[in-house]
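Labels run A, B, C and D following the written order; every chain starts at residue 1.
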Amino acid sequence: MRIIAVVGAGAATPKEERLAEKVGRGLAEAGAILICGGRGGVMAAACRGAREAHGITVGILPGTDAREANPWVSIPLATGLGEARNAVIASAAQAVIAIGGEWGTLSEIALARKMGRPVIGLETWQLQRGGQPVQGICYTDSPEEAVRWAITLQQTVGEGQSCGS
Amino acid sequence: MRIIAVVGAGAATPKEERLAEKVGRGLAEAGAILICGGRGGVMAAACRGAREAHGITVGILPGTDAREANPWVSIPLATGLGEARNAVIASAAQAVIAIGGEWGTLSEIALARKMGRPVIGLETWQLQRGGQPVQGICYTDSPEEAVRWAITLQQTVGEGQSCGS
Amino acid sequence: MRIIAVVGAGAATPKEERLAEKVGRGLAEAGAILICGGRGGVMAAACRGAREAHGITVGILPGTDAREANPWVSIPLATGLGEARNAVIASAAQAVIAIGGEWGTLSEIALARKMGRPVIGLETWQLQRGGQPVQGICYTDSPEEAVRWAITLQQTVGEGQSCGS
Amino acid sequence: MRIIAVVGAGAATPKEERLAEKVGRGLAEAGAILICGGRGGVMAAACRGAREAHGITVGILPGTDAREANPWVSIPLATGLGEARNAVIASAAQAVIAIGGEWGTLSEIALARKMGRPVIGLETWQLQRGGQPVQGICYTDSPEEAVRWAITLQQTVGEGQSCGS
């Protein structure tokens, strides 16, 4: 069973939410379990898309009350860990799809890469070191391609991997 | 949706495993999601029982590799948190059923009580302070009663609560 | 450098606070660093004792604001982990001294034993399995003996170890 | 008492190590406690600088063995949390100085910004969204300026803050 994280800000643009909903739907249709932070914005849109396609959605919440989850989370897990829950999301996923996003999203991208999980980016952070783009994130504009990459990329990948196949 | 934790040692007696399997089966039949540490012994037996009754089982693993989960975990979450994952199990559950158990199980009982979650004990730790038994754990010999209490007890309970109903 | 945890409830009796203050003083005089949950009651009394003897005290706080620490914490670390910070205290200590205590204290005792750390008990929880006392906690009435054991017991101990020497 | 984190990769360039050593020394001279991940590279160099100026250094280690710390850590805390320890570093610091760095460093930058902690960058990640640089990190080439900013910037800052003063 494939477990894929969708990460993005609680305050998302309409375009980001449309992308997230398509990604969620695609993951469910591919038989993957969707894991996310369980709150609003990108997270809620992705869960909504997944549930419309009869998928399972897991919300890794920062607080201690499962009722903080958005209505499309089927398994709300109130971790009580605060922002450290972002490390749990990155660790538990076999691949991460980042959509838009603020600082919390960036932390999930970075933690996932630190742990060797593939990261696919849709309209998200661009990263540079010494004026050069950094390798290690697979960028695309297409939610369908994002889903395909998330499903097929191997869990432990090197910096030089090819995104598509 | 009700989320109930089953906690107990990875090295369990045959009797403890029989109890755990009945508890897992009962939780699934009651429509609850079973959450546990995802490893062997009591955890594996409870998951096996739940899956036989077509339930969903979530394994909150200490390490970073989902393949550490027992074969009856339907959603393995490799947290990477080590023993701190016990706090996640206690926090994410609406009630905890403890069966047998060693030190890790005791930590889950204590964390659950600290967080106000009801704890039901089957053949598990007996606790005293100043030579007196401590209130706050609902003991029973019956896996059916354990399931019934776990389903019906409210999430936030005081020390003086009544176990049954 | 020896790092010793003192664990106990935020709401302590005067006797427990006197014991904690003596333990804190003794640890500082022995050159150990005191680690604790950083809050009131037993934690504050132990820190006060240590600081009076010019020791270093580390407070592993559950929240995100260092100002939650008691005034005798020299290094307040606001972890933001909630109750999962108890696992950090147990892991970071080379031995644990438990004084009185409620559920949070019991979780720290259990996590420390799970991790193989020696636990010394002063007026704290008594534990039984199957009607028999459980091995693995060194009980004493003397704060001086508690300090001596905490300083001398090795970090990784088996269940059958002898407490004193 | 001011607690400042220095974050950076375990595999650092000689230039990054020189910067880190100067930052560590400066923090100690300013009376701040240095907190870091406790390992090699930037972390070791910063601790070495701080200890040469008689400062206190706290190492928040990912594993369960304090002996993983570099020799210049005065208080090694073996959290057992794995990569989630990065969230503890960000949360416990009043400001973060990032030097060079790989994915783990980026996660600490992002978590610190998410938590409202000021971040000062020396030869570290450059971040963009939609082709535009992102506000919220104070870049400098000077270790002295980095220390001055870390000491003076307030803990809770908005995106539009001015770095220097």
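Quick notes on this one:
Assume contacts are C-beta pairs under 8 Å (C-beta built on N, C-alpha and C of every residue); 3 or more make two chains touch, one makes a residue touch a chain.
If you're wondering where the values come from, they're calculated on a predicted model, not measured in any experiment.
More C-beta pairs in contact connect the chains of B-C than those of the other pair, out of A-B and B-C.
Greatest centre-to-centre distance from chain D is found for B, with centres as Cα means. Centre-to-centre separation of chain B and chain C, using mean CA positions: 27 Å.
One simple way to say how far apart two chains are is to compare their mean CA positions; for chain B and chain D this gives 40 Å. Among the residues of chain A, those in touch with two or more other chains are 64, 80-84, 87-88, 91, 115.
On chain B, the positions that touch chain A within their shared complex are 1, 3, 33, 35, 56, 58, 60, 64, 66, 74-81, 87-88, 91-92, 94, 115. Of all residues in chain D, those touching chain A in their complex are 81-84, 86-88, 90-91, 102-104, 106-107, 109-111, 113-115, 123-131, 134, 136. Contact residues of chain A toward chain C in the complex are 64, 80-84.
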